Every structure is written in C-alpha cells, then in structure tokens.
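There are two complexes below, and they share chain A, which is joined by chain B in the first and by chain C in the second.
Up next, the complex of A and B:
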C-alpha cells in the first residue's frame, strides 16, 4: 500500500516538474519567484567554480530545499539569490525580472543567516523593527507589528534584551522574526538549525514548517542534513561540487535517485556496477540480476535500498533471489544491519532476525521494480 | 589556582577565609603590573602636582604649600590666551584629522578586500618616519624657499615668496592634523575591521541602503574606536611643543612651549608644573567627555 502511494506521488511530481520547464520554453515565467538561468560562480583567484551551470525555478509558496555536503556550493547559490554575490555567468530572475545587478537592499528577499547576524548593539525589538524602519514604515505602525512578529515566534517577553543575552535557539527565533516582518516574497535560510542541539532542532523544524504554512512565503532552505530536507520540502535540489545532481520531490529523490551520488547521499543504499547481458538481464560482477526494464546503456549502476531487500520466506516469489553468506552484523536496536556476500558482491540488508551471525547463510531478494538504474557520477 | 577552583566546586560553596586568600593571591599576581603603573604613571604625576603647589623662591623650590602658582597663572592674560589658543588648535586639528582618518579607514576596510592590510600599512607608514623629519618636511613645503611658494611663483600667482604659509596658527593646525591622522586611523581602522562582513549584509538584506547601513549599524559599532582615536589625537596635539616651535612662530605658540620655558630659561619649576597639571587636566576632561561615547552595550561575535 505504501508503495502505491509513493507511486502516485511520484507521478504527480513528474508532471509538476515538467510544467515549469515547458512554460519556460514558451517564454512565460509568471509564477516563478526565483529563477536561475545557467548560473556559474567562480570566485576570484579560484580555479574551480563554486557553482556550475545551475538552472533553478522556484514557484510561489513552495518550500524548496537545497541539500548538499559542505562545500557543494549551497551558500554561494543562496548568496547570489540574495544579491551578496554576482554570478560569473548567467542571470538571476526574481518575480520574472532580471535582478542579476540589483543590490540586496532593493530585492524583496530576506535571509536568515547561518550565524543569525543580529545587530549586537540593538535590543531584540530594535532588531526586528529594523527592516520596517529602513523601508519607511510610519513609527506608530512599527510597534504593534514588532510585537506581533515576536509573538509569532514566542519571543515577546525578550523584546528588551540584547542579542548576547539570548540563547542560540532564541537568537534563531529573533532572526526569523526579523526576516519575516516585512512580509518578503522569499525567505532564504542558510543551515538555520546548524548551531542548535538535536531537541531544539526538531522543535524549530516544526516552527519553521508552521510559519511557512501560516505566512505562505516561498522558502529556500539550505541544509546538509538529508533528514531535514526530506521532511520539510515540497521540492528539493541535491547539489554536488557546484552542480545540481537532481531536482525533484523528496519522495521521488528517495525512490528514484537520478545519480549514484544522490542514491548514496540520501539514505543508505547498495550500489552495484552492472553489465547488460540481454533483454532485462544483467550481471553485477559474476552475479546475474533481473531488471524491471531493459537498460539503455551496456554499463550502468544499480541502486538497491536495504529496506527493499526482503529476507527469508518473503523473497521466495521474487525473480532476484540469492543465498548469501553473512560476513558482518551491526546491531541497530530495532533491527540488524547485515553485510552479505554473493559471489564477488557485497550487499547490505536489514534483518529483524536477531539470531543472524557472521558465517550464517541467509536467503534474500528484491523486486526488480525496487531497484533503480542511476547515472554514474563523475568523481 | 585551578586546584582551588576544583576544590570549591567540590565543596559546593566558598568559605570566606578561602575567598580572602583568593583575593590576596589575585592581588599578588597583579602586583608587578601595579608596581609598573605606580612608578611610570602615578609617581611622575604626583611629583608634578607636588611641584605645582610648592613655592618658587628665585629659581629654587621651597617646600611651602601654596596655590599662588595657579592664581597667578589664571590672572595672566598670556596664559589665558595661550590656553584658549591651544585648546582651539588642538580640537580643530584633531577634529579635522578624525574627519579625514575615519572615512579613510572606512574605505580601506570596506573596499580594499584582501589588500586592506597593505593599504592600512601605507597610510600608517608616516608614523615610522621620525617626528622631527616630518616637521621639517612641512618647513620644506611651506617655507619661504619652499615647494608651495616655488609653485605659486612659477605659476605667476605671486611674484615674491610669502612668509604667510609658515609661522601661523593655520600652519600649526595643518602640521598637527598630519601628526594625529595615523593614530586616529589606526584606532578607527581596528574598530571597523572588527565588524564582521555579515552585519553589512544583514543590514542590506533588511533593506538598508549603504548610507542607512553606515548610520544605523557601522557608525554605532565603530564609534568607541573613533572616540578613543579622537582622545589620543587630542592628548597628542594638546601637549605638543615641537611643532609650534618649528612652524608656529609667535602666532602659533602653544602651552607646551611655555612649559618648556618655565622649566628651562625662566627656571620656575613650580609654574611649569602648574601648567603641566592644567594640560593633564584638560586631557583628562576630554577623555571623560569622550568616554561617554565609548560605551557600547554590545558584544561583536
């Protein structure tokens, strides 16, 4: 049942994804809040591009995540959207207008900085009032709006404190209130939960999601934490070495990773390098496999998630079925992670059977539909 | 020290003899510094004040308490004129120097990127040139045989060398401004350099123009550095006597010059000490005013 639901979600995702690009092709860009076209950023004096040839289209009201490991170019991408960096090549569109050369203070974009960047000499209320003051909102309107904004993040009682008198989580909330008070079209969050401990982090995830739903602003959320990205996003981009490896819904990215990098980065997976034999048959090393469909290349990588591998009697009806020797077992509490050897291949499977130990033989297999052919990632 | 803190933590509370012992220890640890402060700062000033309340007896000092030195000082028209002039010269040149040095530091910090250190060094290098050399440089530029006169004559603006550029209040102000600039630059540069990039960005992100960012964020955060720089510049120029002696002439004489006179030719040490106390007092007064601007309830991270 769960599979079926994933399937349908996946389908809608694919159609949704095609729609914007089709619209871009006809030159219409009405609903895109942000659009990056062929953006490359090379910092002066650097050989490699921090961001390379990125195309992005983010629509109104979306919770969009950029996921990638440290140094993959997430912050640089965000800074180009905010206007702190200029792309070396390419254009940045905001609301359909070319904003590439527009300075940050003329962009209707707010940022929650990785280190919050609250002004240290201003009280919490002055910090939150600052964007209103700068955009010339009459003084008597500012007070109530600041109060409301602070209440929304449960920080009203700290209005008279200075930033250094707050804890990390409290600063985070103030930074959020400051970023949201003008009601920007777009909110950029650069690893906003990075400095918080686990419990606060989970709490803030809920706060963020609730705020986004309440205010209906487009969020671009940068993180290196796949869990956060999967949980929060409507759409997400996985970045690696300055490039977008895949742009899709979390469900699609999880179920159908486009590249071996994505497959390896999101959750655990088995990556098998395979050779096409004929029809839907292939070989991983010396191990024969059945595929769901004919592969297009003669050499390819297959991703099989441990949780789609069934063990014991469950796998008897499956076309891919193996008897393997257990080489290592890792106890994870509710289950065991088992490293099993078939021929010259090693696969990771999950087992609820607590008696499995090294040297035992187990039987397992998977439905060909659960295995995904991914592009090999260069490097 | 660390073992004591450990014991305290274990005991849960600090007993008072223990605390007393702690303060004594702290005091002892500081004592070399305290001795230095006493010898180098307090002692000379105590002597200065003592001399100023002793009697001058035809060039020798008799240790009778008196306030005559001060009363005759403040009755003297010459002294009052000089005090006023010194204050004006010093405040004007320090203000001009601040108005030049601070924007300069701002431009260097914000616009020079990774070359800012080199740019800062180029500006401070005049500090390394000997003081006398610098004053002589001004003489070469402003004097009768100087560069400025030569230029004006060759351009046909004047037909004979003018003495007006040297030996005037203006000359002293120009020279003292030049003396103060590097110090104020150093102080303001340090203050501006401590402000992280992300405050500029956050302000811009909040919709503030560069001017708005400067006025609301950068200026308040760097103001203490400006105040300290101003104070240093003031103290430096207020007590100066070399510059006025070299380029000031009669019109440019300052208080420092007559301190020199009283201790030297006039051989009236108590009077000289009195003027010294007035100079130090004026310096303290300015520092007190300035310290109102150095308060910053903020911690820059």
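Up next, the complex of A and C:
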C-alpha cells in the first residue's frame, strides 16, 4: 500500500515537472515568461540555502516584484533567472523552455544592475550599442536604434559622454536604455533605484512604470523597499530566508498578509499573539478579543493595522472596544502615532487628535473583519 | 611671536613651537641626507658625462657631448643597446601574455591552493638573480640549449611574468565583477567579453606592468650574465668596459640607462596612479549606493520589529 502511494506521488511529481512546457504548448493560460520549479540554491561552503524550494510563475507583460530584506534570497533568485547562477536543485523555464543550463549570453533576458555596470571605457552611445553589436545587427541599423533608445530615456544629448561624467540618475537611464535596446522579453531590475536619492528615486519610479507600459515587456523588479514594490507591481512575492512567504497582488498582501513576517514587513501593524477561548472569542494576554471567524488553531497571531483601528466615538458600535492609557505619542506631521496600553498589551493606533498626550486615556476599537490571522514565522 | 605677552602659558606655547621647529629641521636634514645618498652618485655621473676631460676630477673642464658621440660611434656599444632592446621587447611581450593568463587564472580560480600557485610563480621575482641565473643555466645545459638570445629572454621572462601578474591581479581585485556579467547579459560570450570588457579594463595596468618589466630587463645583469652567449646586453657590456677603467663613455652610457629607466618608471607610476584614481572615481558611486542602502535599511529593515508593536 505504502509503496503504491509512493509510486503515484512520484508520477504526479514528474508530470508536474513537465507541466510548464506542456501548458505553453496547449496555450492553456497566459504564457509564463519565467517559471521556477522547486528551485533551491545553496552556495558552496554554506549550510543554509540562499534560496529554498521556490516556485514562481511570472506571466507575459507583468510587473513582478520580489521584495525582501538583504539576505532573503531575492537577488540570488534574480541571478538564477539571468543565468549568472545555477540552481542547486530545480529548473528554470524561460518561455516554457528549460533554460537551467543556458548561459546568460544566450538568454533573451536583460538586466539592469544595482550599480548600473556601464562599461567605463565606452561612451554612452557605445554602451547602448553594445548589445546590438554583440547580436550582429548591421552597422547602419545600430545608429538610429541607439538614438531612439536614448531618446526614450531622454538621454540623447549625452550620447558622447563617458559614464563617469554622468550623475547617478543619468547612468541609471543609460543602463535602462542598454537593457531595453534589444527588445528583450524580460527585463530584470536588481535594486535599480538603491543608489539614488529620494527625489530621484520617485522620478525614476514614474520613468520605469511608463517604460513598462510603453514597451509592454515583463519586468522583474527586486527591491527591499516595500513602498517601491507596492507602488509598481502587478504581482509581488515577499521573500524571507530564501523562501517565498507570500505571492499576491500588492493590495492583497497589504490587506491580507499571510504570515507575521509579511504583516510586519509591509507597512506597520500590530501583531498580537492570541489564544483561542471558544467560538469567535480569543484572548491576547489578558485582553479578550472578538474575531470575525473561528480560528483553526488554538494559538495564533493576529495582525491589526493601525489605520483600521478607530478612535473615540467612531468605535462605539464595534465589538472590539477598549479603553486604554496612552504611553507614548509620536508626531508624524499629518497625524500622530499613539502607543496605547490595554491590560498587558500595547497597541499602536493613529490619531488626528492633536490634544492626546502621554497619560491620557483613549477609547478605540476595530471591526473584527479588519484583523487578519497570520501564520507565525520567525524573523 | 615677538608681540606675545610674557605669561607662563604663552612661554610654554613658544617653547613647544621651538621644539617643533628644531624637530622639523632635524627630520628635514635626515630626509635630505637619504635623498643625497640615493641621487648624488647619479648626478655626479651625469655631470662627469658632459665634462670635457678624460680624468674624473673637479674642477670641471667645460661642457662637451663628445663622450655621447663617442658612445654612439662605438659599434659594439650600439649593437649591445640594440640587443638589449630586442631582449627586453621579446621578454616583455612573452611575459605580458603569460602574466595576463596567470592573473586571470588565479583571479578566476577562487579556491584553495591559488595562494601556493601565486607564491610559486612569484619565486623568480624575489629569488636572487644569481640563483635564477645558475639554475636556468643548469637546465639549459641539460637540455642542450646553447646560451644566447632566447636563453636571456627566458631568464628575463621568468621574473617579469610574476611582476606583470601581480600588477594585474591587484587591478582585477578592485574591478567590478558586474561589468563582465553585464557584457554577457548583452549577449557577448566569454571571448568577446574578455576582448571588449575585461581587457580594456586591464589595459592601463598592463601597459604600466610592461614598462616596469622593460626597465627591469634593460637593467638586469645577474641573470643575464649567466645566460648570455657571446653577445652581451647593454648592462653586461658596460660592466665589461668597467674592467678597463672608468672611462667617460661609461659615464655617458650609465647616464643614458639611468635616465631612461627613471623616465619609464615615472611613466609607469603615473599610469598606475591614474588608473587607480579613475577606479576610485568609480567608488563614490558605490559609496552613495551604500548610503542609499543604509537610508532604505533604516526605513524598512527594522520595520519587522518597530512596525509590529510586538505584544507577546
């Protein structure tokens, strides 16, 4: 019996492996430009995997972000798609074809590097012309195409400069022009805005978004800035310790974080570790709470976003309602962040009331539907 | 200082100032002595090479260039110079190719044992010329290779190769690895990446290494002495002349060698300095990148702890 089951499991495993190409052939769903199947990467001499058992499917024309802190494996994932690293286990499919062992220079993928990686001895136009030259485009076609590519990023007047004569933002634009000139199916961006100051970063966000709409190709964008990821993505994956914690749309990730890591990483939240009492009632420490539905486990973590907590008279009709003592107030300009104590729990709420100060008591509460039960994770 | 009031505090200040000046003078004189010791002989030789007298004594008899013309009318001297240039050119070319190969190999093979490999290649550079000369001579004898042009070239290449290799490894260490990846990303294979990206990045260091190697080869005497056949290189020939006394032509020859070497060394040093600076010019980029990372790190990385008001 046991043997039999094992065999069927093996069978399903192999059919799953073949799935991507099969699916691409039948055109069952929108074509996956990139598909990672069970990819694990362990660097030699290291015990923990940089990327552990990642499955990803990125469709044509999507703006896909991989969000994570440093060491989360996001850059390694990107480098495996670009071909600079080979997965230890698992396969990488590009356009439905197994590209795991295809070298980077044979992949229809372009990368914008974190430090731009412009060739320092080449002028801007030579840098942008390089991919065309390497793919054997006739000389007379190269000139106009370079000009067009530079115009698209408004850098045409800098064509004769060397990279070190450009500012960070300008280098970034040249790197984008170089990456896009061959018209790749897929553009990989490795923290492309990391080296820019805040104002330039916001400007480049718009440039990127506009470019993606114009050229209509798939973007995979690696960042540790949640704001960038939320603003730009159609779909995003949050990575932690080499694993994907959640893969969903930005709105879904914000509203319904799957794990406590995601809840804490994206925006601010209150994480309450709760114990199930009965029905839809639970306790966080000594504080009784009402839940929207019955929890499945007896111990769980509840995430309550500060903005879903209502203060004062607004909360009178809510089932979760507390009177708390204010212990700390932070002034943020447009509002205040108030740290409030109920029993042995501390919660952060947002208040527009300017008179609240430490020691005051406030009344607040939240709709049980706004609180999300998340999976507890380390980190 | 003259207007200073005579308070104890001021006196002490004045005292410490005097001590500083005295110390400064002492250090200055010491440094000057070292430089005089190093450069005076060269200056004196250069001066005597234009002195209109066959005996080398003061006072000067007047300016002349006849020793230089005598030098260039000396057929043996001319052929020695030509021979030296030929040896240096070939040895440097061979070393440049070998050094480049070794440097890339050592740099790419990031595994255990490359340190030992480097050390082994470096040995001829630091081993005394006598040792290298004799050991190579023994090998060539065994192999039945008669001494001459190619044995000298081999001897010189043996110590110029590690020199060039080390200069290139130093350059490779500070090079940006993402450049080569960017090249491959643009569709260039290994060979074209090497040709269009890696090599241009090494160009300045390679030229500087070749210039250094060239001066070493032109000045080398110990190894050459053992490996030379009937035809001497310039330093060996000049050394031979010395046995017949210190003629003014020797002064002229020495001045030319010293002057040429210093010129090449200065040029090589300048090149290395410029390439180093150009690289450092690229670093602000990585610094503000680091700052950028730091700034973002502040806003997001701690958010797991700071954002979640963890009530456990």
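In this section, the second predicted complex is superposed on the first by the 347 of 379 C-alpha atoms of A that agree within 3 Å, B and C clash if a C-alpha of one lies under 4 Å from a C-alpha of the other, contacts with A are read in each partner's own complex, and residues count from 1 in each chain.
Everything that follows uses one rule, which is that contacts are C-beta pairs under 8 Å (C-beta built on N, C-alpha and C of every residue); 3 or more make two chains touch, one makes a residue touch a chain.
Predicted model only: the values in this text are computed from it and were never measured.
Given the alignment on chain A, is it a clash or a fit between chain B and chain C?
Here the two partners, once superposed via chain A, clash with each other.
If we overlay the two complexes on their shared chain A, which of chain B and chain C does A:366 touch? Say first, second, both or neither.
Touch partners of A:366: none, neither chain B nor chain C.
Check the residue A:162 against both partner chains and state whether it touches chain B (first), chain C (second), both, or neither.
After superposition on chain A, A:162 lies in contact with chain B alone.
Is the number of chain A residues in contact higher for chain B or for chain C?
C
State whether A:64 touches chain B only (first), chain C only (second), both chains, or neither.
So A:64 meets neither chain B nor chain C here.
Considering only the touch criterion stated at the top, classify A:254 as touching first (chain B), second (chain C), both, or neither.
Neither partner.
According to the stated criteria, A:109 is in contact with first (chain B), second (chain C), both, or neither; which is it?
Touch status of A:109: both partners.
Can A:300 be said to touch chain B (first), chain C (second), both, or neither?
neither
For A:268, select first, second, both or neither according to whether it touches chain B, chain C, the two together, or no partner.
It touches chain C, and chain B stays clear.
Output check: A:284 vs chain B and chain C. Expected answer is one of first, second, both, neither. What do you get?
second
Under the contact definition given at the top, report the residues of chain A touching chain B in one complex and chain C in the other.
82-84, 103-105, 109-111, 113, 115, 117-121, 130-131, 134-135, 164, 178-179, 182
Given the complex with chain A, which residues does chain C contribute to the contact?
Against chain A, chain C makes touches at 176, 178-179, 181-189, 192-193, 196-197, 200-201, 203, 278, 281-282, 285-286, 288-289, 292-293, 295-297, 299-301, 303-312.
Provide the residue numbers of chain B that touch chain A in the complex, in ascending order.
Result: residues 196, 198-199, 201-209, 212, 216-217, 220-221, 296-301 of chain B touch chain A.
List the residues on chain A that touch chain B in their complex, please.
Touching chain B: residues 82-84, 103-105, 109-111, 113, 115, 117-121, 130-131, 133-135, 162, 164, 178-179, 182 of chain A.
For the complex, give me every residue of chain A touching chain C.
The contact residues of chain A facing chain C are 69-70, 82-84, 103-105, 109-111, 113-115, 117-121, 130-131, 134-135, 164, 168, 171, 178-179, 182, 194-198, 224-226, 260-261, 263-265, 267-273, 284-285, 303, 339, 344-348, 379.
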